[in-house]
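Each structure below appears as structure tokens.
One chain, subunit A, appears in both complexes that follow, with subunit B as partner in the first and subunit C in the second.
Up next, the complex of A and B:
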């Protein structure tokens, strides 16, 4: 066995291959010490060395579920890389599962924090993630299908669903797609998202990424399919609708009216962040009669010193705010707040005093930036962030009617979108009490 | 494939340059007309167009609103406006022109041409307020009210119910004015805008009644209020009644009216008005606090005042209440019916049935 392995792992120095002898039996053993943990000592080395009893050892090999016979030499390399120990005693090969778990504690939410909901988030370890999920969705019908993706990274992923609730058509579609995926490295959930969506040039995300186990549980209950990936803090949920992206987990925990209010506010926010810069151009340069008289005169007065047409003003400010957002993400935490202060306060104020932009434009830019962050899902937030530019361009050329037509076109586009065959913009879905119940379905079958 | 998409994109971009966005004009390159005045010119057939243009300022203060008044005479309104464009440095924008004043002399002449122009221009909004200016629109627009915060704001706030809500001020929109001039059996009314004697504010407390062609009658402010109450159900008002040398004032809270027109050769118009209110001013121990007696007294007084007003309007040959339309609605409304009505209208008699309900003031005596 060792010869075969050594041939496969030529010059791999961190692989431990050895033939040990306790005086009764020789044993060939191979494993990566960096991938295996201390369990190897209690599980293998102790019974083999000073507590050795041939009968007991044989019994252990047969009865301990961590020992699996591994006679196929093609599997060996893969097993070793997964953190298994390979051993050969009495002419038979066994694998012993002793993979090291790096993460032992659940993560904390960083992207999707909730006030009242659970604060734990997925980790970069798939077994931990399974544990976090089983804690919240614990039924016998929860099914997990393991896959290995990425020809170089060999990342293990897990497709989870409730087999009572899942739509088998979508499940088969997903299996087909997963089989067809050719990836070298699967390092983040987003690269799997890219592979799973049909077209890469898609404006809106059609697969939801979340770090919250409670969201995954809610979605599983709705019959969605979840993919968790080893080494990624994010789980993928599919198929989803646009409204799932606008759903914060707090909505599940808040009281009814607060929930409604926040929901309405969120949609107003998304509408504002898309429309506002465009409508500023359209109204200021094409149809000033839409404003009330007072506002028209105030804007007129504040724009009096601005040398460039309204769209240049808008582009200047939008560039500034986008650069600011980008900088605050990339900058180290400590410098981050400095950038915001410099950018937000000083630049905005100075730009207005220098007569480069009107004071109304400063307000609009801030509203656009803030309301963009009202969107609970970062993926969707990015998509919306991009959406305002086509609107700005069309407002430049066609004014308010252009904005209206483009908004209509956007609606048409959203209606056309599909997420794994399911309509993306579907308003009506079965409510939770219409979903089949655990008891009834189990009783039947 | 890529080449095709690229070429489509380039062609689209080129097409975009061709349209070049007609009408793109920044707000600071526009001159907002806040009110528009139209008078007769110095020679017959000439029009004098007066525009009050707003000069925006970033600082807002009472009385500091700057406006520029431009006026020009030409043989048509359209020409006058076109010519005026050459007198100003920015593009004229009628989008915020909310007040349109028509000079008294023009009203006495004919407003046909003016109205056609106003109705045809797409940039003049039909929700503008219309009024008749006395002595002339130019004189009224030249006035700079002290309280004006935004250019042209003072006159705008006078009308409608955004600013002051006076029962003496009637409000007429351009769309309603145009409609009433087209409608058979219903005539227009216009508020009369005058300068305050101390020349620092406007005075809008009278109403003018044109028929389909020109001005026929103007009411004084008392009658204007009564018209406002009876025809337009304006209830934020107070009616005064003489009583033994003093005056009793009834503040209204609710008004409703209904009209019945009898058939017959000379129709009788029964005008019912129900009003609810409380006595705002009355002598102490007035009629011993006997409410039915007070109501009775007020009703007879109101009947008399209204009857006087209706006969006055009838005698001037105008019909702002729309009795004719009401009459036509009772029949098939063909031209023969209307002919009959126009012949009969100068002889119709009015019967007023008023019903006044006096609420207790509710205060502790």
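Up next, the complex of A and C:
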């Protein structure tokens, strides 16, 4: 056995290959010490060395579920790399599962925090994530299908679903797509998202990424399919609709009216962040007669010192705010507060006093930035962040009527999207948990 | 799902303003417009009722599929081509009317073709999508438009400047004989059910379209509003002075609280959405008719991504729109609208007759097949 392994792992110095002898039996053993943990001592070395009893050792090999016969030499390399110990006694090869678990505690939510909901989040370890999920979705029908993806990273992923609720058509579509994936390195959930969506140049996300086990449980109950990936804190949920991206987990825990109010507020926020900069240009440069006279004068008065057309102003301010957002994400946490203070000062006061932008524009910029962050899902928030630029451009060319026409086109675009064959932006579909088995009928609105 | 059907009924009822229905009626307001409206309510309701019921007998089939199944190929081809012309023209007319409205009231300095380009581009983009996408979009856009529609309607009806006497006076002309022009104009308001010629594909078998009272109630309401409200604002005589009557009428109203002062702008923004919905829908229907001319065409109401042929057909509609805009002036335009309205009304009757015929043929076939089966069982 050792010869074969040594041939496969030539010059790999951190692989331990040895023939040990306790005086009764010689044993060939091979494993990566860095991938295996202390369990190898109690599970293998102690019974083999000073507590050795041939009968007991044989019994252990046969009865302990961690020992599996591994006679196929093709599997050996893979097993070693996954953290198994390979051993050969009495002419038979066994594998012993002793992979190191790096994570022993659930993570805390960082991207999707909730006020009243649970604070635990997925970790970067797939077994821990399975545990978190099984605890919350505790039924025998929860099915897991393991896959290995990435020809170099060999990342293990799990496809999870409730086999009584899942739509088999979508499941088969997903299996097909997973089989067709050719990927070198699968390091983050986002790269799997990219592979699973048909077109990479898509504006809006059609697969939901979440770090919250409770959200995954809620989605499983709705018959969705979940993919968890080893080494990623995020689970993928599909198929989803636009409204799932606008859904914060607090909505499940808050009282009815608060929930409604917050939902309406989020949609108003998304609308404002897309429309406001464009309508500023349209109103100032194209159709000032739309607003009542007093308001039009106020806006124009605040722009009195600004020496260039409104779209330049808008681009300047939007660039500043985007740069500020980007900087505060990338900066180390210690310097982060400095950036926001400096940026806030410039945006808030100096730019306006210097006569570079109007004070109304500063209000608009902050409203745009703030209402962008109201969106609970970071993926969707980014998409919306980008959406305001086409509107700014069309407002430069056509004024307010162009904005309305583009809004129409955006609505059609959203209705046009499909997430695994399911409509992305269709209202009032029958709720899936009202249906015992949601077949393909769900799509037929 | 019957609610999608009613969205079509509602927005087609509302779009009548862009197809110069009120203008046509005002020209005949002393010569039978009111009586034409009364007759149109009766005829429109009956036609809507029977056509809808007949379409439900052919589940998941568009008109072109039905005709293909029951008529020889030549006739089917003719029906498809005529359908495509009528529907394609509807979109062209509305896009043209709307962009000239916008040019008058919103961007008078802008090159008219520039705005037409934007409108046709949006119409092409919408029309190339698959039928199901268009249905979803209708629902979203109708819901977004509803508050604006309600606001304008309430503003108009409860406005102190609305002269109810003028309305009463024009109502007095109910006994004059209606003309074909005004009748076909008034019938257009009820034409929303005609969208079933394509969208019947999305209605699965055994669906019942309930609450059909919505068609007469809402469409008559829209008809009365678009006719009587301008009369109430401008008087029985003055109302015929304007070509874009409804834009002027909405400009007679103001909003005292809020950012926007003149209702005109709300009205124009609302009709941007409605006109685009109408264009999207009619061009899509015309496109499906043209695609159905191909002998090996199989309908795919839920298709993603769409085929390239969709783009070519709708882009040709856009090009035709430009050609029409270059040709048209106000007189020619009025003539086209009125002839289109008349042709459309006739086509509606033809569609009804086709459906009745197909219905009887299908019943006879079914009966004979049942008879054969029972005969086979007995022997």
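Things to note:
To be clear about the criterion, the second predicted complex is superposed on the first by the 428 of 445 C-alpha atoms of A that agree within 3 Å, B and C clash if a C-alpha of one lies under 4 Å from a C-alpha of the other, contacts with A are read in each partner's own complex, and residues count from 1 in each chain.
In this section, a residue touches a chain if its C-beta (ideal position, glycine included) is under 8 Å from a C-beta of that chain, and two chains touch if they have at least 3 such contacts.
Being a predicted model, the structure only gives us computed values, none of them experimental.
More residues of subunit A are touched by C (comparison of subunit B with subunit C).
Once the two complexes are overlaid on the shared chain, A:304 sits against subunit B while remaining clear of subunit C. Once chain A of one complex is fitted onto chain A of the other, the partner contacts of A:286 extend to both subunit B and subunit C. Using the contact criterion defined above for the overlaid structures, shared-chain residue A:404 touches subunit C, although it does not reach subunit B.
In the superposition on chain A, A:423 makes contact with subunit C only, while subunit B stays out of contact range. In the overlay built on the shared chain, the residue A:262 is in contact with neither subunit B nor subunit C. In the superposition on chain A, contact of A:16 is made with neither subunit B nor subunit C.
Within the superposed three-chain model, A:396 lies in touch with subunit B and out of touch with subunit C [touch as defined at top]. By the touch criterion defined above, A:412 reaches subunit C but does not reach subunit B.
Contacts of subunit A with subunit B, set against its contacts with subunit C after fitting on chain A, overlap at residues 286-287, 289, 293, 398-399. Considering their complex, residues 198-199, 286-287, 289-293, 295, 398-402, 404-406, 408-409, 411-412, 414-416, 418, 421, 423, 425-428, 443-445 of subunit A touch subunit C. Residues 16, 19, 21, 23-28, 30, 32, 34, 54, 56-60, 93, 95-96, 98, 123, 125, 150-153, 156 of subunit B are the ones that touch subunit A when the two sit in their complex. Across the complex, subunit C meets subunit A through its residues 1, 3-4, 102, 106-107, 114-115, 118-119, 122, 125-126, 129-130, 132-137, 139-141, 143-144, 202, 204, 258-262, 265, 268-269, 272-273, 276-277, 280, 302, 304-305. Touching subunit B in their complex are the following residues of subunit A: 284-289, 293-294, 296-304, 306, 309-310, 396-399.
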